[in-house]
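First chain written, first letter: the chains are A, B, C, D and E, and each begins at residue 1.
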Amino acid sequence: MNFFSEPLTLMTFFPLVGVLVLLFLPSDKKNVLRWTALVTSLITFGISLWVLTMFRSANPDLQLVAKYDWITVAGWNIQYHMGVDGLSILLVLLTTFLTPISILSTWTAVEERVKDFMIFFTLLEVGMLGVFLAQDLFLFYIFWEFTLVPMYFLIGIWGGPRRIYAAIKFFLYTMAGSILMLLAILFVGIQAGTFSVPDLAANLSGMYASGLIDPKTQMMLFVAFAAAFAIKVPMWPLHSWLPDAHVEAPTAGSVILAGVLLKMGTYGFLRFNIPLFPNATIAAAPWIALLATIGIIYGAAVSYAQSDVKKLVAYSSVSHLGFVMLGMFALNAQGISGGILQMVNHGLSTGALFLLVGMIYEQTHTREIKVYGGLWKITPVFGSIMLIVALSSMGLPGLNGFVGEFTILLGAWGAGMDGGSFAPMGGVWWAGLSALGVIMAAIYILFMFQRMFLGPQGEIVDEVKKHGHALRDLNWREILTIVPILIFIFWIGLYPAPFFNLMAPAVDKMVAALQAAAMAMH
Amino acid sequence: MPQSSDFQTILPLTILTVWACVLLLVDLFIPKTQKWITATLAAAGLAVTLGVTLAQLGGPASTGFSGMVVQDGFSTFLNALQLVCGLLGVALAFGYVKRMGLERGEYYTLLLFSVIGMMLMVQAADLIMVFLALEMLSIPLYVLAAFNRTQSASEESGLKYFLLGAFSTGFVVYGIALVFGATGTTNLAGILASAPTSGLLLTIGAALILVGFGFKVAAVPFHMWTPDVYQGAPTSVTGFMAAGAKIAGFAALLRVFSTAFPALAVDMTDILWALSALTMIGGNLLAISQSDIKRMLAYSSIAHAGYILMAFVPYGNPDVAPVSIAAGLFYLVAYAVTNFGAWGVVIAMEKSEGRGLAISDYAGLAKKHPVLAAAMTVFMLSLIGFPPTLGLVGKFYLFRAVLSGGFVWLAVIGVVTSLISAYYYLRVVVTMYMHEGEPTVEREFWLDFTWGLSALATVVLSFIPQALFVMASSALLK
Amino acid sequence: MVPVNFYIILSAILFTIGAMGVLVRRNPLIIFMSIELMLNSANLAMVAFSSAIKSFSGQIFVFFVIAVAAAEVGVGLALIVQIFKSRHSINVDEMNNLKG
Amino acid sequence: MNIDLILFIILALVAIATALGMLLSRNAVYSALFLVLNFATVAVFYLLLGAPFIAMAQITVYAGAIMVLFLFVIMLLGAEQLAPSKVIPAQKWVAGGLAFILVAETVYLLTVRGVPAGNILQPAESANSLGFLQQMGMMLFNEYLLPFEITSILLLVAMVGAIVLTKQEKGGQK
Amino acid sequence: MLFSETTSSGFFFLAPWIVFFPLIGLLTNLIFGGWFMKQPWGEKAIGWIASAASGAAFVASVLLAYSLSLNHGEVVRWTLGQWIHIGELELDWTFRVDTLSTTMMLVVSGVGTLIHIYAIGYMHEDVRFKSDLGRYQRFFVFFNLFIIAMMILVGGDSYMMLFVGWEGVGLCSFLLIGFWYDMDTLARPSWANSNAAKKAFITNRIGDFGFLIAGFIMFWYLKSFQFDQAFEAAKSMPPEIIVAITLFMLIGVAGKSSQIPLYVWLPDAMAGPTPVSALIHAATMVTAGVYLVARSAPLYTLVPQAQYIVAMTGAVTALFAATIAVGQYDIKKVLAYSTISQLGFMVAAVGMGAFVAGMFHLATHAFFKALLFLSAGSVILGLERGHHHLAHHGHGDHHEEVFDPGDMRNMGGLRKTMPVTFWLYMIGTLALAGIFPFAGFWSKDEILLDASLHYPTVYILLTIAAFFTAFYMGRQIWMVFFGQPRHEAAAHAEESPLIITAPLMVLAALSVLGGLLNLPFEGFHNLTHWLGYTLEEVEGLPLNLQVAGISTILALIAIAISWFIYGRNPLKKGQADPLKKPLGLIFTGMENKWFVDEGYWAVFVDRYIDISRFLADVIDWKFWHDFVHDKVIAGTYNWLANIALNDYADQKGINAFFDGWGKVTQWLSATTRKVQNGFVRSYALSIMLGVVLILGYLLLK
């Protein structure tokens, strides 16, 4: 297998080269280690851009496919099957984009066991890319579970005071969902005789039509898959691990956790639940919408009452991902496209929020909102960037968040109308209530921004001074870390067309398939 | 009179037996300080036998000694596995016994005899052979468990193992008697061919035999000896026992049940189902509260017996059994590989007089010995069933088989208990990586080799499991 | 003419008594003897069956059981003696350091 | 009621009584002696069942060799009687209950469920003849050659084990 | 007329430049501003660059208007690029040049430029009073940003592009209200300004929510956000749909144009620097709602019932706010409530379908209210200077009390010290009060006339509001400029420099002459004619002497009464408002804004905080996180595992929740472990048990 004819494989496993190099580097050469990891991730990012150039956005199907028989003995039919299509290309790019940024953010934040950190982080990238690229359920499952391991260490070793609790909770919760998925994967594999996702979709639809798999079974499979993904997303009410994990994780971990790992859940719905179980999807859509809507409102309300800024951002993820779920299960082009874009947006905005919070935490060692205040005056650049990111997160038009939220809500409203996926239950109420989330987002985001950056100077400023150094504004490295995200925040906000174009054919294809399934149901 | 073809069927066994007997004599001339020679010779014997066994791979099946033994793909596969276990058992012991002051040549000969018993168990085609093989494998293990005579724990372990082992043997013998009574023969094929006078008598006989095997593989409720014996026995013995005895027990169980009792599947499936479920639940739940790594791994081995048992549940269903049993065999291999690694790490951490065995002693291991900690992490992940390890592939295979057999709830119990297990396995990882401590580690080549190889195999084989799959599936009983 | 069932019931009773011995006695020697009784009762059943169906193989099996019992006794008694030497007691109830 | 049955019942009662004696004796020596009696009774059964060779083996190996070994060890260790202990008091009752159920199950199996049918026939004449022994020997060395050889190795292993366990190490730690 | 992409001739290529010019200004100041600030001329440079950027936009607007007139008012679209294209959803960055949007552009950039220039002077002093020079740069960046957003708002060719500007101005409003985010308007460290900013943004967002919902309905029924397409589709739609769209849109209008019930943010918005109040919270942004309704004229005219609701909302707001204005003491607060009231006029107008009247009033109001605000700013600065002067001349005790330069009770007699400002202020007041021939007279009368023709209720409400308007403006004039100074600072107040007064003069001129835009005489309906290109139903009403007469007379009476109360006997230092006694509770209500804010707090805000605290602390954390997950799930685990054995600090944290359970847990786990008791006999028992159970199962099966 020539790696250069296999860009996806090359991209996914390239970080392993970095891991190998890291393994042989002395652990006290911290900067060498950092640079190695950074360069590795940058090259991976480069490869992903190369992949992008080869990606034909007009093609709705999987592209750059690498497909080899892997385990085909003993009645197994497992393939090494990687491919990228409009549904995943953006997430792949998001992953390769956020990884170097996260590594950059650890430059001074991580001083302990740098080598281990970089190894785990680089390994994590392999897992994440694999999740988004794998087109074989078994392969997917391997990557899916694998991502847990490095993340577990990242939280558990470099996290906050309750890190072990958080790490174990993170691990067990995610695993609790994925084991149900494992059973469903096996069941589906046995029934359809293949684990390949595209083949499965074809085989299963035949089995639904012929009644080999009855609707109830289909629904159970849907639920089993959904269990894994919903915990990861996390959908309300399965979000309880998230605040712990986010609060305790080191900055880079939070960034990746929010930026990419949560997307694995929503992506899972998109890649597996919707295409493989279309009838169950249609039946479940209003219920998902209900949960998503509750999540949006609940997450936003709970965010507002947080006293810990990381927790606030964590709960805001519950709200934001509620939007993503709502959009995807609108099952129309607007909703799904918006959902995908919102995944990217959330990755950028929330990732950036965590980065920024991490930057200030590094100086103050506290995340209590109430001790801050008036920071904008002391750290104008930091404040301004925070403002942009916060606005992006609350969906200000012209910034990326709006494009996603708007299309999602638009799609959701359409889904609530006659013939739409939410019409059987709730109808336009889901979109209407979810739109309240827009107001509530403003409330908690502005609350956070005000309490930290506006108003009179907070006690932390003097507190820090007591330790002999004043609060400083962002340095060049930190600005360099955050600016790429800012560029995308504006780009997607102002000119999202290239992003939508990447996914449009694939989304249309999915919508068409769903419509066909809906027709077949009636 | 036996023909040469008869000996052909037990060729590896013969070689190893002769070697063991010779070694027994040779050892007398090896000075006390040079016992590594005995170890090397034992390993050489195992290696040679392994070579011979592998040469038999793919050969035709044959029976020998008036149907007493059989040599087929199944036996070759498992014999090879047992021999590898034996080799790893020697490797584990190599430095350990010296460090613990147990270095005596008989250790290795007894180990060889135990391997002989295991191989015999795999090849047995008559209940008499099964019984003898069971004893052949057990008696050396009783002695080995009590090998550390300076430690009362070791003696206690030996006695408990012995008394309970003999007790369970009583059931096996009684079971064989009932089977004989029902069918008039002890030959496995003969039992199948016979028209039993009473199905119920046969069933009960089979059930009593199952008790014996259940004891050997440590299935709940026949498991209670396991933690005590595993904890008390010298760790190198425990490591060997945990894999070898389990493999042998399962092999015999499989051989006996699918050759002789497929007709009893209706009743046995329920019992196996219950045993499997109980074993998974019990093993995992009890493991949670352990603070001693040896006990924890002991319960873990109980739990894994439960998983493997899952594969045997549909043994009588010709549609499902082949896949299912192949999955069980595969899982056995995965378990054995991981198991040796884990015990290897335990040995590396163990100090004399039983110190260094608490899980809390592993604190800080990742900082001081990152490679060892990484290897242990791999083993723990494999035991949970997490990628990228053989454990995941094994579980995947296993659950697939169980599901295709239609045992959805059993599979659910399986996955839920694996979730529970994640907690206690992770605790080891947490301790190694996230707590501060100053652990010291014993480094010796063969020990490093064992856990290193196991770790490597656990990871690498998870990516290229085909060969193992092929072997496991070809090892099916026709 | 004794029905074979009578023999089996007898052997079962003896077997159970043996099992009881394992369960209730604290002297490992007696436990061990009880195990021998269990084996013995199995042998009885075997011979009874063997006789009922006129097959020698049952008897030969019994022969092997006796031989194995002898081997077990060798090891078992050695173990008990050794333990007595180190502890000066053989009460199994005092051997519960390993537990939990 | 025929004579065989009467004989059987008498012997069975003796066997059960001796077994219970073994079980209940306070003194280990008594237990051992009860067991010897029991073994002897069983040997008589073997004779009745037409298995004289096994009966002989029973007497010589079991009642003779093994039990003597037991007695020897009991005497050697002075372990005739153990100090009474009060641990796990419920054990006795639970065990008794289980034993009762086990017996009940067997009886239910063999009487109510009625298996296996059939009677023990009068031992064939040949059973006590030399030809029978010869035949048995032939079987042992033909059909059962491998188990036979394995038994020999098993005994060897047991021997090694016993030595390993008890051998006083020269300059050992003890 | 739809999709007539005729852009061949004229200056239409300048359409996007109305945004790009301010953008260039913004970027220049953003990037180089830091460096500028270090130069002695830096402040000026920044101010002038920003003003020039805004001015360029104004020039571009003029040229666009000119080209449009050459084009006979034919709408022109200028597409810059794609925005969101998904399926049927096609949103582009398209600028729309028609008479309506051009009018708005002219007002926004014109007034905007003047205020920019004013701000050069104003902010120069303001940053010095508040001793934070660095913020000068930031101010102009925000100001340009505002112009950008506003231009997008008025220039967009679809509802969604409008919405971008709509929220964008909301953001700028937030930024500029909270400009002195770390203090209150009196330069004390405080949360006041940032609270006001936050309040403005959130209230606006509530309105935006309505806008969004309207948008969703619009898209799924009318299938487009583009104005013309939507209007075309609306014609064949059932009226309920249009009612829904228009009423949800009204929520948006209420938020942005500060109508009941969402007006509460605007008074607080006075926390921003005065140019901000003038530009954003009087002249431009707050009129966006009016523009939206005018823009949606084809929709509103389809559904009279919605029109009525809009009109009533406006009318009630007009009156309601006017009453509050009477009871205010802060010079800017009075103007703020006046603005709300005037916006009510405009909303009522566009609600009634009198779109031209509304737009006309919008334009004139922009002139005179900007003038008033800026003059008020000048007054405040004058007082600040006076105060400063005092502080520097040894009147040390003044440092002790916090001096509020915006409180009218501190003023008095400024006519003498600040004559220019006084006259300018007078012009603005007369225009606002609707005195002939000032701009306000013409525009207000047009509204009243329309109302008298179509909606008598609205007419009555508006007329009363007009009366109050004249009254509170009179009150203000008497209190500020007449009588004796009630504070040392007022006595020492200094006139503002030319940079400040010059823009005021321009605005004053506009306030005087603004009526010319649309005189109610045949042949002078310029604006009507102009807007007629875009708005299909416009009628140029002739002057109705009755309506004009009544309102003028009422205004004069109101001014007279105000003189009677405030002018005849000027307020003394520390004296309570003379109205307080006769009106009693009513005045207390006016003074306290009818307690609406307090009501909102009690009903909504506090409840929201309570609910979210309850959800967060009790439901999410105590119940869901701690109880269900940690106690029940993890606790069951603990119970099984007896984790207490292992000395993990983390689990101790969990165990803290188990105090009640502690003993039970221990007992249970001890029992569990008892089974594995180390006794061989027990283990054998377990085996035996297994055997008995298996046999039992087989026998009983």
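Here is the rule we go by: contacts are C-beta pairs under 8 Å (C-beta built on N, C-alpha and C of every residue); 3 or more make two chains touch, one makes a residue touch a chain.
Keep in mind the model is a prediction, meaning the values are calculated, not measured.
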Intersection of contact partners for chain A and chain B: E
Geometric centre: closest chain by C-alpha means: A
Of B-D and C-D, pair with higher C-beta contact tally: C-D
Farthest chain (mean CA position) relative to chain E: D
Between chain E and chain C, distance of the C-alpha-averaged centres to the nearest whole Å: 95
Chain B and chain E, separation of their C-alpha mean positions in angstrom: 76
Computed distance of Cα centres, chain C from chain A, in Å: 65
Chain B-chain C separation of Cα centroids, rounded to whole Å: 26
Chain A, residues touching no fewer than two other chains: 164, 168
Junction residues of chain E - those touching two or more other chains: 673, 676-682, 684-685, 688-689, 691, 695, 699
In chain B, residues with contacts to at least two other chains: 128, 132, 135, 139, 142-143, 146, 149, 158-160, 163, 167, 181, 200, 204, 227-228, 289, 423
Listing of all chain pairs that touch each other, if any do: A-B, A-E, B-C, B-D, B-E, C-D, C-E, D-E
Residues of chain C touching chain D in the complex: 1-10, 12-14, 16-21, 23-27, 29-30, 32-34, 36-37, 40, 43-44, 47-48, 50-54, 56-57, 59-60, 62-64, 66-75, 77-82, 84, 86, 90-91, 93-94
Complex contact set, residues of chain C against chain B: 4, 8, 11, 15, 18-19, 22, 28, 31-32, 35, 38-39, 41-43, 45-46, 48-50, 52-53, 55, 57-58, 60-61, 64-65, 68, 71-72, 75-76, 79-80, 82-83, 86-87, 92, 95, 97-100
Partner chain B, residues of chain D touching it in the complex: 109, 113, 115-118, 142-147, 150-151, 153-154, 156-158, 160-161, 163-165, 173-174
Residues on chain B engaged by chain E in the complex (per definition of touch): 159-160, 163-164, 167-168, 171, 200, 203-204, 207-208, 210-211, 214-215, 221-225, 227-228, 267, 270-271, 285-286, 288-289, 291, 359-360, 420, 423-424, 427
Touching residues (chain side chain A, partner chain B) in the complex: 70-76, 113, 116, 138, 141-143, 145-146, 148-149, 152-153, 156-157, 163-164, 167-168, 171-172, 175-176, 179-180, 182-183, 186-187, 189-190
